[in-house]
Amino acid sequence: STSDKQAFRGTVYLGMDTPLTGPQAIVGQGDRETMRALVAYWNSRGGISGRRLVVDVLDNGSNPSQAVQNVQRFVGDSKYVGILGSGNAAAAVATAPLATNGRIPFIALSPPTTIVSPPRPYVYVALPTSRLYAYNMARYLRRLGVRRIALMGDNGGFGRDGVGQVESLARRYGLTVTQRVIFSPTTTSFTAELSRIRNSDAQALWLWTVTPAATTIVKEFRQLRMSQRLVLTGGNLSPQFLQGTCPDVNGALVNGYLGNVWRYLPKKHPSRTPAQLVERLVKHRISVFNVDASTALYGFKAAMVRGGFSRAAVNTALETKLRGLPTPGGRLYFSSTNHSGIQLTSMWAGRITSCQPRPLFGAAFRRR
Amino acid sequence: MSALFEIERLVVRYGEAVAVDGISLRVDHGERVALIGPNGAGKTSLLNAGCGVIRPASGRVRVDGDDVTGATPAVLVRRGVTQVPEGRHVFASLPVEANLQVGAYGRFFSLNVISSTLRYVRRRADVRDRLDRVYTLLPKLHELRERPAGRTSGGEQQMVAIGRALMAEPRLLAVDELSLGLAPLVVDQLAEFLVRLNEEEDVAILLVDQNAVLALALCERAYVVETGRVAVEGPSSELRERAELRGAYLGGGP
Amino acid sequence: MTTFLQLIVVGISTGSVFGIVGVALVLVYRTTGIVNFAQGVFAVLGGMFTFELRPHMPLLAAIVLAVLLAAVLGTLAALVAVGFRGRTTHLASLVITVGIALLAEAILLATVGEVPRSYAGVWRHAWDVGGVLIQPQYVLIAGVALAATILLTLFLRGTVVGQALIASADSARAAELVGLNVRAVAVIAFAVAGGLCALGGALLAPTVPVVYNADLALTINGFAAAVFGGLTSIRLALLGGYALGIVEQLVVGYIDPQYNLTIALVVMLVLIGWRSRRELVA
Amino acid sequence: MPAEAAVRRGVPQALTAAAACETSGVSKAFGAVAAVSDVSVRVERGSLTCLIGPNGAGKSTLLACIAGLTPVDSGRVVVNGEDITTWTAHRRAKVGLATVFQTTRAVPSLDVLENVMVGCHPWTRTGFVAGMLRPPWQWREERSMRAAAHEALELVGLAGRKYVPAGSLPLGQLRLLAVARALAQRPSVLLLDEPVAGLRAGEKARLVEVFTNLKRQRLTQVLVEHDMQFVGSVADRVIVLDRGGVIADGPPAEVRKDERVVEAYLGSSSL
Amino acid sequence: MRLTLIAGAAVFACWLPFQLSQGQLGLYDRMGLYTLVAIGLTLLMGFAGQVSLGQGAFFLIGAYTSALLTVGLDPDDRLLDPDAGIDPVLAVVVAPVVTAAIAAVIGVPLLRLRGHYLAFATLAFHLIMSSLLFAQDRFTGGQYGVTVTKPLEVGGRTINGATHAAVAWALVAVALVLSANLVRSRAGRALQTIAVSELAAAGTGIPVATFKLRLFVFAAALAGLAGGLFTFYTQFVGPEDFGIVLSLQFVLMVAVGGLGNVYGAVVGTVAILYLEHEVRELGTRESLLGWDLPAQAPSVLSLGIFGLILIAVMLFFPRGLLPAVVDGARAARRRAPWTK
């Protein structure tokens, strides 16, 4: 706020490119809401090392081309020291090269594995990639004794990526993929696909999609009284999905990273306090979008505090000085060979009960 | 007593062009009036403005002395003024018979479909009667009654348009180009019928026709319109004798 | 065989949804000449209203009220879409309905939010008929689609009111001249079409949760169904819906779910080409 | 031997003589409605033939069959010695057929002169590329089209309105425009479907002159009309159609007296 | 006089981008590219009476053609060899050619369809292309699209930013001149006749199918060219930029601008994109008129205001903005006392 303006030693700017309108608006809304709340909170507490933090938001309308325009604006204006990349995946993919070329640190708020493997300079992801989700859930399934799984994914990036990851690591976890369905999310009814899986010997249906089709599939899954276990991913932990499918979603297996389930963390766990803070600041139960955005912002904040206020300094700090920074989502471990900060230790798996995730942590599900 | 239909100093403009330039005209109860003039004189514009199809720039239109300027055609139809439009305008996808029935129903139509339909149904016998009359007058229509009106010949469509207007029980029938595309035999029968309709049922007639001889023979009184103004006006018998009209409208004469 | 039957059942189910929107589009087009791009909105409204009313009354009452509300909103849409007398072209009307659809999305988003809404249907679970799973909710929808098709066909063909409605789209000028009121005709058509779509939407929501922006996909699928009958035949619109739904499911079952839309559209195009060729000859 | 060649091409012998336009056994049905059935007519070069008959007799349909606007079910159409039965309409226009339709709509976005210039299509060649790039010859061609269109308008007496937007024409002038457009095609065979409908006696008289002049220029005309006075003053020959078939054929005065014609078409007290 | 006016406007349009800020430049560039597509569509809809709800598909084809040619068609080569593709300039030139060729092939069956059938067929074509982008992901990159790293260079000068916009608008000027010439030529008059009645046109000697096809191909080529350039506007192509909404948007643009006048395409495109941009800026604000805006505000505002303005414009100017302005100017001149 303006009254304590003199108290700051300067202002530091970040840019945020996000889908506030268009089909992916929900993602951008959640991201921006978190950002606003955290920035206001930090500034009221003296800013970042005495500097006021300002995050300028540009809406990309869920279009990658508009995202490119937005990010070019940030890159071209030297006052910005970092960019919060788009929560819609294609826009993040489209804009990441601009950050590399413009030498400005860029943390994407969406999970496409492609932009961080192999790691590219200046480009980071602070939420679990689909690979991480796949690993984590596969471990849990093994412990539950699930051997045969059916996979369903949409033909967008997330679905394909996820299905591909599971297939590549299934053997290692003793899983057999009995069916693999890549569908187009415009389909109105999935009864035909589901009934085929229903009649198969698969023990679980692992669903990789965050499109609106997800709600329909969950509904139909229950209406068809399928005996299999339903397996979801962390991307499904949005309030829209959970409310839209309640109560049918109850009992589904799901995994994610820490922020969503801070309630269940031990009191002294380093992620508990920041996650709780974010939940207090946004004034409603924390959603996956809140966790994504706050985790990235924590990363930027620490990098500025520890590195300085230039693009190069922030980038170096992100790569070398975070070393397990506790954030709402878990610890961030960036390094020159790893630009995907969340690691297996920050993952949980569990079930959905009362339309909310109920997690099991670490050792609880890793043991056979 | 006020006239059945009266137009007063009517002006019709299309953008900058003046099509009707202050025409006054009057049709009394049970009268037959002809409107004659070269192409582009403004006859159609005058009828259209009179029937509410287009809005006049100025002037008044009265039915039974009540001002109806700017009212929609529906209002005029309800007050008994029905037009046979120039250029057919049939309901192409409806069967011929449905065209005629809608012609009778239109008068009752309102947003309250149920009550308007009930009113129509109460008159069903009446409608049936009129339908039979139209079919006797234009037997071709009976032959075609199940055919979509859009799939009939030009002249047949003209018959549909005329039949449809007759279905509306008009007190004033305004016909724009009666004989257009019709075989001479049909024209004769129609002319005869209109006179009978007028004499027996007191239906007034306002007639525009390419065939001025026919129009003057049919009507008691006529207006000659030229470039948007009334050039001459008077009883038909008088006009027929006027030399200046002979060449332009009456041709070599009968 | 079971697989095949299953696919056909699902195809007819989803096809009925497309068919309902298609029939509604035909009804509006046939009587006003307007392609109503906001048609899908009414299905969304039906689901949303029912969801909102559900806690306060029995399901049936909620659905009836939702349908009535949608019909009232249809009236409003008609008045705007028809515009001022004698000025609005059909293209302008179409653009206006696009505007209405966007506005409706905005209002829904502001009031109901972006959460997909759903509620328990009449039956909770699918029926298993000899290994073929049948969604009861879809049976209702198919029934509505069929009933609507039959009733509307009879209404338009066989009653003078129906013919008057068609007349006003055939020639607005002539319709006025026989005393019809184009605006009133539009109001009737939009209201009935809106109510029909709302009923479909209300019955669909238990299986496919409704979101504020679900209308575009519904409208486009409905348009595909409606075009099968040249936007003028109610009966063919329903058949078009079936064709679209069944082909989509057959592709899902026997080829590749990713290509369901692609192949279904190609088949529709071929069918339409064949039909319009025949129409030209006739 | 032309006759031999004709036999080889499968053209009936009767069709080969130098008639300008000829149909043999043409039939056309719309569903169950036989609009034209087995009509054979033969029109001499430079003549004006009137086609009359009751409404729905099939006059317009016959013209449409000749102009190629509707495919015939059976029979042949020969124009200027060429069998054109299977030709598309625009190809027929290229070899000299021009048609005035019973109901025409002008192109409302063009003015009257430009509407007539559309008629110049068959004898000009500016295509898309030339139209966009406008090489000098395109300008020349445009000028010649303008001149031809103007001439046609003068002929029908519409030149005074050539810059009026065509959408605003009253009914009578719309007919004149259609005639002018057909004339601008520089046809050898002109098919006219009620070209003077909606015109007054004086305006019709002018067209009588126009059509008579065209006859002198060896233009073949087939004209449909219900105004018997007009028919009497232009026609060399009258063919009467009824229910899709020819019921009378001959000079106007003769046909007028034909009992069947009077009964089916003229009525007793013809005005 | 008229010619100098047009030339002046063209020079201005190409000079303007060099004065714009980074933020405005993107909008201005997009306006130019979309206008190219809209010009083709306005020719189709406004002059030849052929409704296309799938013009976005040709834009898509143009964009993917130039992108894929630049990075290399073979997906395996693409990964290994940064030089797998052809010269970007060549790719941009080829894009409209490929698009036109595709349009020529699909146009033959599609253009037999009329009215709503054609509208649906073109819409379906776009839907098919869009879903193929997702389904053929190995080739097209699926949802994550194709990132193009090579810049568009002509004679050592990179065409991006302001130069890119200038090129786009220069092409708009050329397309406008060509189109305005076309509609006032023999072929253009023939097309307008076709719009009124195909039968009457055929009777006048116009080869209806050929003419429709040629125009369809020309419109597609314009869209393909715009698409080809679009690739180098973002250096990225992905399916989300080419959703079916894009095709509908083009129809809105020509309808709002006004059919029957090629300049209407410019007016409509600029108006719609500008409106969209302003509304988006409005929605991004944290508060409006002292009210704190809720989280959904951006979507609500952009949908709502856009919808309202569409409704209002078409209610009050049903024939579009440009005709309304022209009529208004004419009426004003008539009323002005000094002209008498």
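By written order: A, B, C, D and E. Residues from 1 in each chain.
The rule is simple: contacts are C-beta pairs under 8 Å (C-beta built on N, C-alpha and C of every residue); 3 or more make two chains touch, one makes a residue touch a chain.
Nothing here was measured: the structure is a model prediction, and the numbers come from that model.
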*If you walk touching chains, what's the least steps from subunit A to subunit E?*
1
*Looking at C-alpha means, what's the farthest chain from subunit B?*
A
*asked:* Centre to centre, using CA atoms, which chain is the farthest one from subunit D?
replied: A
*Distance from the mean Cα position of subunit E to that of subunit C, given in whole angstrom*: 30
*Please work out the Cα centroid separation of subunit B and subunit E, and write it as a whole number of Å.*
49
*Centroid distance [mean C-alpha coordinates] between subunit C and subunit A, Å*: 37
_Among all residues of subunit D, which ones touch two or more of the remaining chains?_
30
_Interface hub residues of subunit A, defined as touching at least two other chains_ = 25, 155, 184, 186
_Applying the document's contact rule, which stretches of subunit C touch subunit B when the two form their complex?_
85, 159-161, 163-164, 166-167, 170-171, 173-181, 184, 187-188, 232
*Partner subunit C, residues of subunit B touching it in the complex*: 51-53, 72-74, 77-78, 82-83, 85, 89-94, 98-99, 101-103, 105-111, 113, 117, 120, 150, 161, 164-165, 168
*Across the complex, what residues on subunit A touch subunit C?*
23, 25-26, 155, 181-184, 186-189, 191-193, 195-196, 198-199, 212, 215-216, 219-220, 223-225, 239-240, 243-245
*Where on subunit C does subunit A make contact in their complex?*
3, 6-7, 9-10, 13-14, 17, 114-118, 124-126, 131, 133, 135, 138, 206-209, 211, 213-214, 217, 221, 245, 248-249, 252-253, 256-261
*Given the complex with subunit E, which residues does subunit A contribute to the contact?*
20-22, 25, 28-30, 32-33, 36, 57-59, 61-66, 68-69, 72-73, 76-77, 88-91, 93-94, 97, 112, 114, 155-158, 160, 184, 186
